[in-house]
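Both complexes shown next keep chain A, but they swap its partner, so chain B is in the first and chain C is in the second.
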Partner chain A sequence: MSEPTTEAVRADRLVPWGRSWTATLGLYASFVRLSFLKFLAYRLRYYTGVISYTIFISGHYYIYSALFRSGTPGPGGAVTIGGLTLPEMVTYVAVGWIGRSFYFNNISRQLSRMVVEGEIAMQLIKPFHLQTVMLSEAVGESCFRLMMFTLPITVVIVPLFHLLGPTDFALYPWTFLSFCLALVIYSQWNFLIGCLAFYLKNIQGVLRAQMVSMDFLTGVLIPFTLFPHWFQVVVQWLPFQGISYIPVTIFLGKRTGPELYQAIGLQFAWAIGLFILARLVFKFSVRRVIAQGG
Partner chain B sequence: MSENLLVGRKPRRGVTAFIWQLGIYGTYFAQFVKSRLAYRMDFVIDTLAVSFSIVIQMAVLTTLFSKVRSLDGWSFPEVLFIYGFSLVPLGLFNLISVNLYGFSEKYIIQGKLDRVLLRPVGTLTQVLCESFSVSGINEILLGIGVMIYAGRELGLPLGIQQVLGLAVLAPSAALVYSGVFLAITSVTFWFEDRMGLAPPVYNLIRFSRYPITIYSLPVRLFLTFALPFAWVAFYPATWFLGSPGFARVALLTPLVGIVVFSGAVLIWKRGIKRYSSTGS
Partner chain C sequence: MAPLIHVRDLTRDYRLIKKREGVAGGFVDLLRPRYRDLRAVDSVCFDIEAGEMVGYIGANGAGKSTTIKMLTGILTPTSGKVSVGGLVPWRDRLQYTRHIGVVFGQRTQLWWDLAVIESFRLLRKIYEVPENIYAEQMKVFDDLLGVGEFLHQPVRKLSLGQRMRCDLAAALLHRPRILFLDEPTIGLDVVAKESVRGFLREIRDLQGVTVILTTHDLGDIEQLCRRVIIIDKGEVHFDGELEDLRTRLGRRVRLTVDLREAVTADDLRKVTADLPVTWRDREGKNHVAEFRRAEVSGAEVIRQVVNDCQVSDLHLAEVDIEEIVRDIYRAAGKEKA
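So, the complex of A and B:
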């Protein structure tokens, strides 16, 4: 039974523009927490994921081992392919997949489902930016993945393949920061793909094409140094290298000093650029929404 | 009227039953194609997506081979040929058995199996027929295309014998795929798990397309006897390549296909008997 004035103040707080910075941060932080808890409830599902990732890494281990057996030794006596020795190549593959287990999410599918099923209308009347909410949820999901997925995979994979860690200890936090930026780039790209649902209605084919091409374009499947020169130039100008190729090469110690800062800076630029682009595209696309009841 | 209905319910046995089931299969397929063609754009996009994924996989192979002459003694056209062959049984499998993927979610948890059990047609026939992946045709055609290209590079003969070989080996290999996934699906009757083991096994497929000599002995034995994915691409493909030793083993593919698939059908039948509805 409080006075009507406080009620009015509370209602006023719900308007996004009338909210304090701390309140906004608290709102999105609660989405991070909720998403983390939601995934925790389905944690059993991820045990088979650990098997899948072990299969991926093992399969590539055998393929690259055979490839290096067939390669011609360089002047130093060791075979190098694309500037990497076999242990480096195995580490490249393993760290690439371990990282993928952290940053992966399905935002594009979620957003397209919301648009197709009309649930988007309910999201639009709530006082938040859907894009930021989905980014927060992706962060929550990745926190969960880090604990329940990335960590078990690492525990299985590292002794299995005698992985090389960098001798410079500072590279560990740099790699982690780099993978966190990868998470932002990946989620914002996915959000942009999800926005296509406003125009295409059914984007199953697009999602499928994205799924098969992403691992190729991010460098998870094959290091860019194996590509022909023209393709290396192309991927330099795309955001995907910031999702896997940059963090993994940081881990391998292939980027030192200014090159390291440059790479992290490039990731920052893509993360912010894609965030702004996604916000604009979403704002524009939302005008096309026609909800039939709901 | 009533007489016709009675005739319709006469129990069928042997060859008549088989032909009758085939007819039902055809009817289901025609219905499915009609419903898919209602969304023509989806169909086109789906076809493009499949072609695109094949292009990506070929790009991976080409890139790997850009730095070396051979992979453990297998040349690029040979590996490409095995890859091309692998697409044909995979396409057949996708075309017919796509419904096995996600079966427990769709049929057990949502309770669609109750409806299937009410009808006087085999349960397995119905489940397999309720969804087709038309893009499987695309995989088959592209696979044959890749085989012809790689075969020319290798100077392999292309005659009636090869066509007959494909007509026998590809369906046999598809039986291995279907058998493996049917067995995994049937396990959900005992353990009501949502996705279960299907995703990791599905992910293994991409590694069954490489010559199995690149794997260590335990892995080779595993792929030959335990999870027989060596029979879906490598062994049958070596028949065309005439690889010493393996080409003879390839002739066992039909037998392996029949054994694996019949075993899976037995597990399925036991599972169906165990099934109790969730009530939803």
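So, the complex of A and C:
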């Protein structure tokens, strides 16, 4: 379909046009690359990130240490809270935040700013899907984050708090795959939130509220097992557990065999479902683009 | 052959919240907003043939940009029909945008943080421009716009003039069939304006692109477009050749006279009593007369003035397009009143 037809070009017709699969992949791959290069150019801004993540995880470490000291030992002789021992709890929190340093992005803020400032017009005049472009850029950003945040933080945190790695080495690639799916879910959710800017005059409050509630609902702040039962039931039906809770519990070896495949399958389903939903919502919303000026 | 761009009864409303007064009113607005529709574009019709260069002009808020946004597929109209080469811009956006180039003078389509050349490479991929055409186009842009100088600078470090030249090149890289220019010379200095206009003339002759241009600067129109469409309050008021516009309103000529002694306008009216000339109400040494070339020749008027008065200096000039357009607006206002 990408080849223009050989018939003579008529002055009053535009030739229908489409991109081949390979060209499409190549195009979006170049967005991944450029986004990576852009972040690399601004890397100085991010050096402090390693320190703040480390401080954050240390804070959690000391809070949980104090909590576990005051707890009463269970039948096995070790203190457990929400089914986790202290080393497991510390690993849970640390891996959750190390993962967050990988999948995090600001799509919702970027998209809403484009809409509010009318910059989105410049994206709509190009023959590509803005949603896929932004996903590709998020992937590029995560490649950068993996290199500049995730790996350095891991190197600092693991020996510092004697984190428990799984003895089953197959769990490492599974965890990585799971965090990659988390990236898709996270970015598509953010894209959907960004679309709210088409409908709301002031979206800053919504963005802040969702940022905070996300950290709860993904399970990165506190494991779900510490919450009341009804909360645990509710989060089962939401996409957010696929962002942090599922990958971290895979890493901790809490899901094995069919449970593991089930969890990954669930993430896949949410990733694809949210991608399609985001595409439809964006398409519908674009028809409501508010133009500035006459 | 059908026209390339076909626009019929194109209409777009904006919905605005009608605010109630006071604090209590503010609360009521939150719960039950009242709307009023503002018609930005009202039943606009025109056809544009392939290869034409059309000036689309109007005052602020006349509906220019809204029309352009609908023609480029960004905005969906409230009602009406647009067909460009068989495609509907807002419905077939992905296919359609492949064939158009767009420059919004106030914004850039280049990637802000990247070197200019990276933006061009990316655009090459977006539009699947073959290697040989890419090379040819880049050579043309370097020859005509001199973009070669700053290809390796990041976009955010370019001056406005440089950025506009890059944006024009970016919009034309894939040899679009139609080029939309929204205020392409806004904020540019005289030299940069000339360079942009020269480039547009060349590219029209070289690549036969169809151009629709909105502008405040009537100099752009005079130098580039044979055909103009004038829009005011969302409605088309004139659509035709620039030359027709001039003759329809009569080629008006303005004579400025500097005299050695102060006189009143009435004194001068007596001097040219037998000629169809209007003198502005003024007193002193400087006076202005207007007349139509079709009715009386400049030489005739000048001879009479010089014969009867002590003239120190004379200046004869044709009334420019800007005033003609202002006349059209004024006429449109009267029709409505």
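Rule of thumb we're sticking to: the second predicted complex is superposed on the first by the 275 of 294 C-alpha atoms of A that agree within 3 Å, B and C clash if a C-alpha of one lies under 4 Å from a C-alpha of the other, contacts with A are read in each partner's own complex, and residues count from 1 in each chain.
Quick note on the criterion: a residue touches a chain if its C-beta (ideal position, glycine included) is under 8 Å from a C-beta of that chain, and two chains touch if they have at least 3 such contacts.
Bear in mind that the values here come from a model prediction, so they are computed numbers and not experimental data.
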Task: Pick one for A:Glu119: touches chain B only (first), chain C only (second), both, or neither.
output: second
Pick one for A:Phe128: touches chain B only (first), chain C only (second), both, or neither. second
Who does A:Gly18 touch here: chain B (first), chain C (second), both, or neither?
second
Checklist entry - Looking at the overlay, what does A:Val233 touch: chain B (first), chain C (second), both, or neither? => result neither
>> Touch test for A:Leu27: chain B only (first), chain C only (second), both, or neither?
In response: second
Answer with first, second, both or neither: which of chain B and chain C does A:Ile276 touch in the superposed model?
neither
*asked:* Quick check on the superposed pair: does A:Ile51 touch chain B, chain C, both, or neither? Answer first, second, both or neither.
replied: first
Footprint intersection on chain A (chain B / chain C) at none
Listed in rising order, the residues of chain A that touch chain C in the complex are 2, 10-19, 23, 26-27, 30-31, 34, 37-38, 41-42, 118-119, 121-122, 124-129, 287, 289-291, 293-294
Listed in rising order, the residues of chain C that touch chain A in the complex are 1-4, 14, 40, 50-51, 60-66, 69, 72-76, 84-87, 90, 93-100, 102, 104, 107-109, 111, 113-114, 118, 121-122, 125-128, 177
Chain B partner, complex, touching residues on chain A are 45, 48-49, 51-52, 55-56, 59, 62-63, 65-67, 69-71, 81-82, 202, 204-206, 208-209, 212-213, 216, 221-222, 226-228
Per the touch rule above, chain B residues touching chain A in the complex are 39, 41-42, 45-46, 48-50, 52-53, 56-57, 59-60, 63-64, 66-73, 194-197, 199-200, 203-204, 206-207, 210, 214-216, 219
